[in-house]
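Take a look at these structures.
There are two complexes below, and they share subunit A, which is joined by subunit B in the first and by subunit C in the second.
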Partner chain A sequence: MELLNSPLLDWSRAQFALTAMYHWLFVPLTLGLGLIMSIMETIYVKTGDEKWKKTAKFWMNLFGVNFAIGVATGLILEFEFGTNWSNYSWLVGDIFGAPLAIEGVLAFFMEATFISIMFFGWVRVSKKMHLASTWLTVTGATLSALWILVANSWMQYPTGTEFNPDTFRVEMNDFWAVALSPFAIAKFFHTVLSSWVLGAAFVCGISGWYLAKKRNVVFAKQSFKVGSVVGLVAILLTVFSGDFSAYMAAQKQPMKLAAMEGLYQGHKGEGLIVMALPNPAKKSYNDGVDPFIFKLEIPKALAALGYHDFDAFVPGITDIIKGGYIQENGEVALSFAEKQARGKIAREALLAYQTAVKDGKKADVEKYKTQLQNNYKYFGYSYFNSPEDTIPRIPEVYWSFHIMIYIGGYLILFFLLATFYSFKDKLDGKKWFLSLSVWTIPLVYICSESGWMVTELGRQPWAIQDILPLKAAVSALSSYAVMITFFLFLILFTALLIAEIRIMLNQIKKGPEAE
Partner chain B sequence: MLSYSFLQHYWWFLISLLGGLLTFLLTVQGGQSLIFTLGKDKSHRFLIVNALGRKWEFTYTTLVTFGGAFFASFPLFYSTSFGGAYWVWMLILLCFVIQAVAYEYMSKPGNTWGKKTYEIFLFLNGLLGTFLIGAAVATFFTGSEFTVNKANIASMITNSETGFVISQWANPLHGLEALFDVRNWLLGFAVFFLARTNANLFFINRIEDQSLVDKARKSLIYNAVPFLVFFLSFLIWILVGKGFSVDPATGAVSLVQYKYLMNLVEMPIVAILFLLGVVFVLFGIGRGIFAKSSTCGIWASGVGTVLTVTTLLLVAGYNNTPYYPSSVGDMSSSLTISNSSSSPFTLMAMSIVSILIPFVLAYIFYAWRALEKKKFRKEDLKEDGHVY
Partner chain C sequence: MEEEIPKRFNFFTMFRDGFKSMTLGRILWTVVIVKLSIMLIIKLLFFPDFLSSRCKTDKEKADYVRSEILK
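For the complex of A and B:
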């Protein structure tokens, strides 16, 4: 039987990444477009102007096409925690399951119930009730995001919990510490706000296409206006929430921050790379090869971003492995070898604790329990053989982060111009800008996916930061079984994505008059 | 302060109730499996698809919540069954993925794969989804081949056969071996035909098209009879056969004759509700078949379905019974509501959240009423503006 070997882990990761990335194509549009169409319907109810109703209904139609496939991929994602990450499910089910259940009871049902009224209730309920249903659908979708992000944030920053040696799992002891952890707050706002940006870019892009074609001009200008304002507000707030996310990563996941910048050797007042050419000859953290052939950076910006202090020391990958530097909390950072040793002590103490319980040796029970508690925070390091095992894949994390930053910067300029042109009614003569708005749609998707890649690839090799590495989280399956399901999902999701895009293009070509 | 045992029982009750509601909502799937038989006529198929299309989200959401609640309250089941009976759960998931998009895409221009493909998706979801869920739930009574050793997580021997994985599936077929047990087939078919039975009753209740309603009444007979045959066969088999039992003092699991029957006897309220459920289902079917003017059979059958399935799951988990028995070795790996649950803190936190469930049910009821004031007529559906 093939267990816990590299192919199994690789295919399990690939399957989860595939599902998550497909799912993340649809969720941000649901959240962003949902907000925009709700605003449009609100204007309709306030003004009674039928044009706004038509506009809202057009976007609602696209929302429906996108929503269905988002639901489908979301279902798979939820169950893959169990099917492919069996150990993880047990070890963290006590924490992770609770937000998931709350999400089901409070958010999914809200979404599912009111979406029916939103789609089918135009003539069956009052105007105001319909409007309330539209807002409640979007609220339900946003609450869904909240709870799954709470769960994800806990994986990045385990808090409000303790390890129970009797049950061999992590158990929650403070619900609010989990639900309101700074990681969860940062992630929720950054994710939802960036989804609004994506929805806004989508609306502006399609409206720009209509304007370039001189079709449905009034509808397109109305939509462009709402989209540009939502986009501008959201992108500016996204920058702030992103700053907070980077700060949290620096405090709790320094390896992730180092990978994001390809920073091997840390310094005080480290700069933020604006442009660089990574050196392909760099193979290992300690090979002495310069990681960049060329780099242009903003002095001290990474220290400011990560620690809100221009002169702070930003540890690089080598520093994190070697330890010895003073951390923000004043403690000296441990080296990999020290963490590994303490992790092994924790694991041995856990097994010894079990034996002591069985044998009824009370003194030993207490001794090993204390030993476990004192070393538990490094438990996960005991599974690794070498320090290289703890380093995420640098090029992927580096490029994901920088692509996100580049496109994010572009989006600020884009929405500034979009708001200016649409409110000054100068879009008609700006063909170049209308084309740009269409091309912004794929760019914003790349930006959104890159953001998630930074979060998830930067977390590697951990399922739970410092506690459970992926290789100890996986299910006991044959790698061939996972490979088969990977390709099944790949084919199915791709087929459905093609259908979704073609349906959307068809609806867009037909325009709002088809409503 | 509520005891740990109370919280475990409370959450098993909620899981059972969700199971009952899910089975009732599989009416949508049952209806989908009838689209090529009842919906031979284009306008009939249009009515069927649209009547069901306004409800599919409820089934889907209940399934997701059922999974989430199981994960939260009994995570060892989640890790053991989902990570072990891989193929069964993957097949179920695939069946539901294809359903989610089918309604929204089937009538839209540019849907790439053609309307027929999406109709086949709905049919497959109706056929396989119901059967597989039924067969999977049957293993709660018939057992599965797995072992659980929590100490594996701390095992210092890496890359060994056992590795770090707590729950190990002992059969290389990873769940498909359940198909070698006739009893699993019986419950699979029972759920399939029950879903179709309820779907016929739903059509009789909701659709204003006499010829389609007449067809649904006829179809009701052809589905209710096999449902009763399969369900009663399964029921009798498990009630008179051996069932899995846990010794509360030692935790040892053994096979005990008439265990599930004794559970009903020892839990009279559950037994009464179970019998009431069965009577309601029979009454609903009877109304549908024999009272030609009656259209309310779905309500009796629906309530009966929820009661029957909920109580059946209570029988599987209460009264010192392992709800997910292991048939391997000394069966000590079997999952009970006490050895597989979340911590008291988490169960308590979720119990507080569960106070909101009546509120959720209230707005679902409101939405349902708002959309179902009138029966479905082809003309009205087009007026609503969002048709499949």
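For the complex of A and C:
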């Protein structure tokens, strides 16, 4: 792997992160706004009140703008898989093939079919048929997200698969284990629910702007009501689903959980940091320097979050590297050195297997295949010389997690107030709250992107947890080629984002009466 | 006053009339077409299928990845 220099890896990662984060600006709004406009149309069909039809149509237009600018941005990630991450793509083609094919055939076509009825069918189909098309558009978009999240979850927790040393591919042997892995379920609910929060904050923010300007007051108030209720329910459910995600991280990716909290030395009943000042002098996991100059924590909360037990032992980075603690499943955790040794056995068995196949030695083929299968779980550790290599960059993970938590906490308060004020009809005199609702829009985007940063930065250095590190997944390209395409995408994405914001602001300024 | 819903649903006329009466949709379709064209050019120029450009068969691809991963 010495041929693979760091600039290549850094540019490949930067390009993927740029594309994924850009893509993620559109997806949550599609899911969140989709739900809200469907609810509004349902109210219209139930009550027959034309005001609700107008309201639903206005949000549908903004949904259309977001959908049009965002559509196909995810395809760029697939270009990058094939070009920049070819080793990885070959290895996991069998796993990713099934969920992505289902996504393409079922969800995308379902979404694309019903979206045309949703936009063009108002006077072509019955009210109920139109309503069904709106809900099916949103269901299609949500199903698209499901299959992508199943694929991503498999990378965090590879299950239901087996490595085939002949084809050199990881092959699926249990579709349902992959599709219904607890990681996939946790990720799906947390992602979709947080997208509803984003959509709700978007609706409240824009409605707040209308109310502050004293424009379209009836429309804005009814939109605010729907947005605030959806937001409140969704943020509370997001907290619960986040708890499940943290539990899964504690079980399968303890290093990620430790990085999220900057926890170097674990204890029983570990607390959750509320506020802290990280110590810049902390350079290594074993330098003995205190990682925080100051910290304020909720006692035992991290143990409760990660293990659903206030007195559970939460391993820190040093514990994970040294091993020897008892895990929740009763097994003793292996040290880095033990995992590395097993990884090396797997690598040597794979090399010996190839030789045995070439020489036609059947007994050796079976022997080395078994040896490989028994140790394959730690294959990726054979790439590392030092335990430091297995630690993600703590400040990025720590701050992404805490920014997500801080904004998430703020959103609970915001939606509580939003629901109270909108249902008590007290929004008119609350200029400060209406301004706050507008400023909540960028905050909820930061929160949503931070959540993904925790997920993806926290699993470093792995492309596939414990099996394939990023440095082995990347293609042997010139780093300059990747750098050039990074800047090309940066220009394209910036231009598209400016176009979206301008078109959207233009539609918002026109208001629902433009319909 | 609501327009009368035709008794027989016709996909073709729905699309034809829908596209004709588009206002915001015209801008969005322009953006989508420009974006997809740029993406196609970028794909053709900068994103070849890395393995297919080096290997012809699946066996060759497997061998190439094997040699890269076991380096």
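The rule is short, and it goes like this: the second predicted complex is superposed on the first by the 512 of 515 C-alpha atoms of A that agree within 3 Å, B and C clash if a C-alpha of one lies under 4 Å from a C-alpha of the other, contacts with A are read in each partner's own complex, and residues count from 1 in each chain.
In the analysis below, a residue touches a chain if its C-beta (ideal position, glycine included) is under 8 Å from a C-beta of that chain, and two chains touch if they have at least 3 such contacts.
Bear in mind that the values here come from a model prediction, so they are computed numbers and not experimental data.
Once subunit A is used to superpose the two complexes, subunit B occupies space that clashes with subunit C. Touch criterion met: A:114 reaches subunit B, while subunit C stays clear of it. Contact with subunit B, but none with subunit C, is seen for A:498 once the two complexes are overlaid on the shared chain.
In the superposition on chain A, contact of A:356 is made with neither subunit B nor subunit C. When subunit A is checked against subunit B and against subunit C, the one touching more of its residues turns out to be B.
Applying the stated contact rule after C-alpha superposition, one finds that A:103 touches subunit B and leaves subunit C untouched.
Of the two partner chains, subunit B is the only one touched by A:171; subunit C is not.
Only one of the stretches 149-157, 185-193 or 275-283 belonging to subunit B overlaps subunit C in the superposed arrangement, and that stretch is 149-157. Applying the stated touch rule to the two superposed structures, the overlap between the subunit B and subunit C interfaces on subunit A comprises residues 1, 3, 64-65, 68-69, 71-72, 75-76, 79, 82-84, 86-87, 89-91, 116-117, 119-121, 123-125, 167-169, 347, 350-351, 354, 472, 475-477, 481, 485, 488, 492, 496, 499, 503, 507. Remark: subunit A residues 1, 3-5, 57, 64-65, 67-69, 71-76, 78-79, 81-91, 93-98, 100-106, 108-117, 119-125, 129, 133, 164, 167-169, 171-173, 175, 347-348, 350-351, 354, 383, 471-472, 474-478, 481, 485, 488, 492, 495-496, 498-500, 502-503, 505-507, 510, 515 touch subunit B in the complex.
For subunit B in complex with subunit A, the touching residues are 54, 57-58, 60-61, 63-65, 67-69, 71-73, 75-76, 78-84, 86-87, 89-90, 93-94, 96-98, 100-101, 103-105, 108-113, 150-151, 153-154, 156, 158-169, 172, 174, 342-343, 345-346, 349-350, 353-354, 356-357, 360, 363-364, 367, 370-371, 373, 383-386. Residues 2-6, 9-10, 13-15, 17-19, 24-25, 27-29, 31-32, 35-36, 38-39, 42-43, 46-51, 58, 61-63, 65-66, 68-71 of subunit C touch subunit A in their complex. Subunit A contributes residues 1-3, 61, 64-65, 68-69, 71-72, 75-76, 79-80, 82-84, 86-87, 89-91, 116-117, 119-121, 123-126, 166-169, 347, 350-351, 354, 468, 472, 475-477, 481, 484-485, 488-489, 492, 496, 499, 503, 507 to its touches with subunit C in the complex.
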